[in-house]
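First, the structure itself, so that you have it in front of you.
Note that the chains take the letters A, B and C in the order they are written out, and that residue 1 is the start of every chain.
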Amino acid sequence: MSSMIDLINELWFLKRELVSDDFDKALHRLAEEVPMTIHEYPSGTPVWTWTVPEKWTCHEAYLETLAGERLIDYADHPLHVVSYSLPFEGEVSREELLEHLHAHPRLPDAIPFVFKYYQRDWGLCAPQTLLDSLTDDAYRVVIRTSFDPGTLKVGEVVIPGELEESIMLVAHLCHPAMVNDDLTGVVVGLDVARSLLEGPKPKYTYRFLILPETIGSVSYLSHNEDLIPKMIGGLFLEMLGNDAPLALQQSMQPDSQVDKTLSAVMPGVDANGFVGPYRTIISNDERQFNAPGVRVPMLSLSRVENPASPKSLFEPYPEYHSSADNPKIVTQERLESARSAVLAMLQAFERNQYIVNKFKGEVFASGQGIWIDYKVNPEGHRRLFEIMERCDGERTVADIAAELEIPFQAVWEIVAQFAEKDLVSFSSAPQPTSPRR
Amino acid sequence: MSSMIDLINELWFLKRELVSDDFDKALHRLAEEVPMTIHEYPSGTPVWTWTVPEKWTCHEAYLETLAGERLIDYADHPLHVVSYSLPFEGEVSREELLEHLHAHPRLPDAIPFVFKYYQRDWGLCAPQTLLDSLTDDAYRVVIRTSFDPGTLKVGEVVIPGELEESIMLVAHLCHPAMVNDDLTGVVVGLDVARSLLEGPKPKYTYRFLILPETIGSVSYLSHNEDLIPKMIGGLFLEMLGNDAPLALQQSMQPDSQVDKTLSAVMPGVDANGFVGPYRTIISNDERQFNAPGVRVPMLSLSRVENPASPKSLFEPYPEYHSSADNPKIVTQERLESARSAVLAMLQAFERNQYIVNKFKGEVFASGQGIWIDYKVNPEGHRRLFEIMERCDGERTVADIAAELEIPFQAVWEIVAQFAEKDLVSFSSAPQPTSPRR
Amino acid sequence: MSSMIDLINELWFLKRELVSDDFDKALHRLAEEVPMTIHEYPSGTPVWTWTVPEKWTCHEAYLETLAGERLIDYADHPLHVVSYSLPFEGEVSREELLEHLHAHPRLPDAIPFVFKYYQRDWGLCAPQTLLDSLTDDAYRVVIRTSFDPGTLKVGEVVIPGELEESIMLVAHLCHPAMVNDDLTGVVVGLDVARSLLEGPKPKYTYRFLILPETIGSVSYLSHNEDLIPKMIGGLFLEMLGNDAPLALQQSMQPDSQVDKTLSAVMPGVDANGFVGPYRTIISNDERQFNAPGVRVPMLSLSRVENPASPKSLFEPYPEYHSSADNPKIVTQERLESARSAVLAMLQAFERNQYIVNKFKGEVFASGQGIWIDYKVNPEGHRRLFEIMERCDGERTVADIAAELEIPFQAVWEIVAQFAEKDLVSFSSAPQPTSPRR
């Protein structure tokens, strides 16, 4: 069993494109780590309003001076060629070349990640420093790519639960030769799946999907429409190894139980972490799950600077979408704390139920051994009673946490004590206990 | 067909009182411009808690010195006599005179508009400068008015639509010898009606009412109670020619579809315009429509300074309720832009429906030719997806505009594209498409 | 019939403990003032999660030097012994003594009120100044207390109304030798009950309970579960004689009709008074009524400094829980104004109903003699119409007061005029009059 960081070191430099041999290679390697079903969708298959793309292969690509000096070579780095670039071969003027040669706007020494899945164009990428050195009138370009029938693949790890209701975990694998975005999400999800498989049978069924971004989610969802009504929530995983606090992005339904629960877990897993509304932190496959006709409340977890920082939506961390996004910027420790955070969230959601009071009036706290002296711990005393008085069969643990603006765990600790004393029971549906007037 | 400004020049100086020959004269002149039904309600008719008043006529009125020098003459200006003044004839001391002689609090050279419909008193009006010059001990007053049985008249222009559901347009005509308040609302409404009659058959039925303020609305509504449940919204028009931005006053139901729609149209029709809550901008016939037992969401459109300005509710523009409210303060251009604004609002409301997604997941935007590149137009890109993800059969165009705080037109443009691509359909009632969980 | 202040002077120094002879003595004396049922619950009776405690008696208690000099004597003041102290007799070192000898943290000359109902400990109380003078190595302690079977007593004064729906008034009587907390609440409640009994038969049934704190409420409620669904609201009374503004603490259901009504009465009864949310002002028996399985919206009225002041939740006034809480700090005048406030609140709640408009449109105000000239009284004019337009069978008097943020009385005065003119009727349930669209 390989560690998260070992898997990253092994797989990061692969040319993982939407539909590609290296994507398949990486997915099959991951399937050695955990029981996985691999769904295949052939190129050209209509998936809702989309079509599964062809397999793309870059056989060879380079930029040379007319004198034959090689300036850029795909063999050196997969990012040198625009993903899904058309083939091209010929002499081009410097002006024409510069229209097809992309550099990173902020990192002069890095190769940018550029993709043109649907724009049908050819292109190369290089550091800005190289572009600045181009003074010849003409250059020679060779891009030998091919578009062939293939199959888009989605890996699915299922952890069966007592209920058919399922929680979706999703990460994408299609970003070539990069690490934080997107391999970290994949390995954290994988490790979470391993933990769940090792533990006792959970209440909910978990489905962890590893897929190419967007088109992978659309392919899977459109072929599994019967599962959609069972999906009660989800979490997209990405950018979990860089040096930044954990950020939880809520779904389009911030009042859903999964939103309330995961949001209330955050303060307990990262003191610097934060929670933001939908579409304010990152933008990935959670969009397909939240979209019309699907409407699964899917959140996302990633590491990004607090939005108070001057970084924009499309540049969540400095090395984003460039060759600088390599193993140096991630640590096993940060991956592990992300994995623990996800497990804490899932555990909380498993526990989140309506709390049905078996008691009436306030509980005789000192008699039950749950008294907290207000002279010793005034906040604890207050919290004990604020939680107790909300145990009425109409509120879940997460509802109370949200209402009191306190961590999920703080509510759970009190409620678990009540349950131990047989003062409350739990219910998956509301069971109001207030007298009718 | 007369222009709006021509009609104003022709009709403004008439002695248009609640029930009066000149009101009838003006109304009949307007009926030459557009097919109009004139409803008549005889004096003394009970209308809900009100009674239709008598016809009021001022045959002659003046103020003289005892030496016979005429200081004020009704023949010079209709505002010289208080509307619905009792008749009076006799010598009065200066003190007594001043109790019945009204000046404008802010405009020393203007005659104020004073009405005593229900207070049963006699009175004259004059510029403050004239009052200041009164030094004699006594004066002679002659006010020859009569109260006779007549009929209150309401002009109704109906533009039949495909549905019986109707939009009410209302303007009052009972302010004698003044222009901005109230003739501008009448001519703008008339021109809107002309446009609607010239155009294709609308979805909703439109009813444009020209009436004396308050009592006209009560008379019409109490005699057409069967129509009230069909009234799905309305717009009162007044003060549309002066030099001030357009102001839309919401109804008592700011969450109604008509409120949301018209409010979201405002940014597109006047960059300086603003929207304010009910009873914060003006106070007219919209009150009768919003009132208990009627509860039609009726907004109002007028030109007033932004409430941030120091002007009070009862002085919406400097010349308000005085002889200074004459044709000089209005322009055809401002009337036309008001007319365009009303038409834009009605067009938007005709278009406002629930948007039912035929797609699931996010639409393949580039494949559908509706892609907006975020590098070129990040706001447009974001908006495209924010709108797309809200097309779920549960939101109208106006709901989405209100939720995103963007103009109605911005939503419509995107949604119209979707409809053209057969990605959405429209529905007058909600048709939720989210899977049941 | 004794005045409130006479009753205080007569009863305050009694050793009123949870279950005790002096509690019974005080309760029987109060029963001479008003018809009262006394419920008895024997020691050991299970009441929900609680158990009725034993009767506690202190026969004798003192602290002496080893030389026999008496330093503290229970005969001097009931607060010298911790309520429900265990018996103890013996020589103790100064160190051990100080662990059982309590002083007031802020008032060096006062004896603190300390109770250990459930902690099973012995203890004495004395001024800090006495503690500071203890220099001997050892002292002699004698505490002769006994725990015997007894009956917890709850006095109930019922004022039968036309309806079974009842309003609960509650005050506790178990604070020995103190006045503001808790005897003032008892005598104000008693005087309110006397007023209600003298007046015409009310609409609602009133139940005034005099009981030991917390355990008294639990005992009563658990033995009267059939009455709970009839309890539509309540008011706990305490600390009503000290020099501070009236403070109304809302229930856990701030949108209930009783919350809205009483809150809207406050501005009319104390210009300096204020309203605060549940659990922000005081903490007493209202907790048992608001608790799960009971959920009666019970507010509380007391006199406390505005929370803007630096005083904490547990020190609502300077003399709180000490021997300084004696008759000197309360006045008959403040008790009377508190009594008037309660009566005003109850009268308002009796009046609070849905207002059903018999009119449509706006009422012809001048014709009905209810016109308010906006030139003379612009605020009154505006208010008249703001209230009128909300009379729609869907709002109570309190709803309108809350919506407009004006006193209950301001709404009532207008609505009462409407009722007199037969423009509205009242209903205990909503009767919407808006046309269906």
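Going forward, a contact is a pair of C-beta atoms (placed from the backbone, for glycine too) under 8 Å apart; a residue touches a chain by one contact, two chains touch by 3 or more.
What you see is a predicted model; the values in this text were computed from it and never measured.
At the interface between subunit A and subunit C, under half of the residue numbers appear on both sides, which makes the contact a different-residue one.
Superposition of subunit A on subunit B using C-alpha atoms only gives a rotation of 120 degrees, nearest 5.
Subunit A and subunit C have centres, each the mean of its CA atoms, that are 54 Å apart. Within subunit A, not a single residue touches two or more of the remaining chains.
Of all residues in subunit C, those touching subunit B in their complex are 357, 359-364, 366-368, 371, 374, 382, 385-386, 388-392, 423, 433-437.
The touching residues of subunit B, counted against subunit C in their complex, run 48-51, 118-119, 214, 217-218, 221-222, 225, 228-232, 252, 279, 287-288, 290-295, 314.
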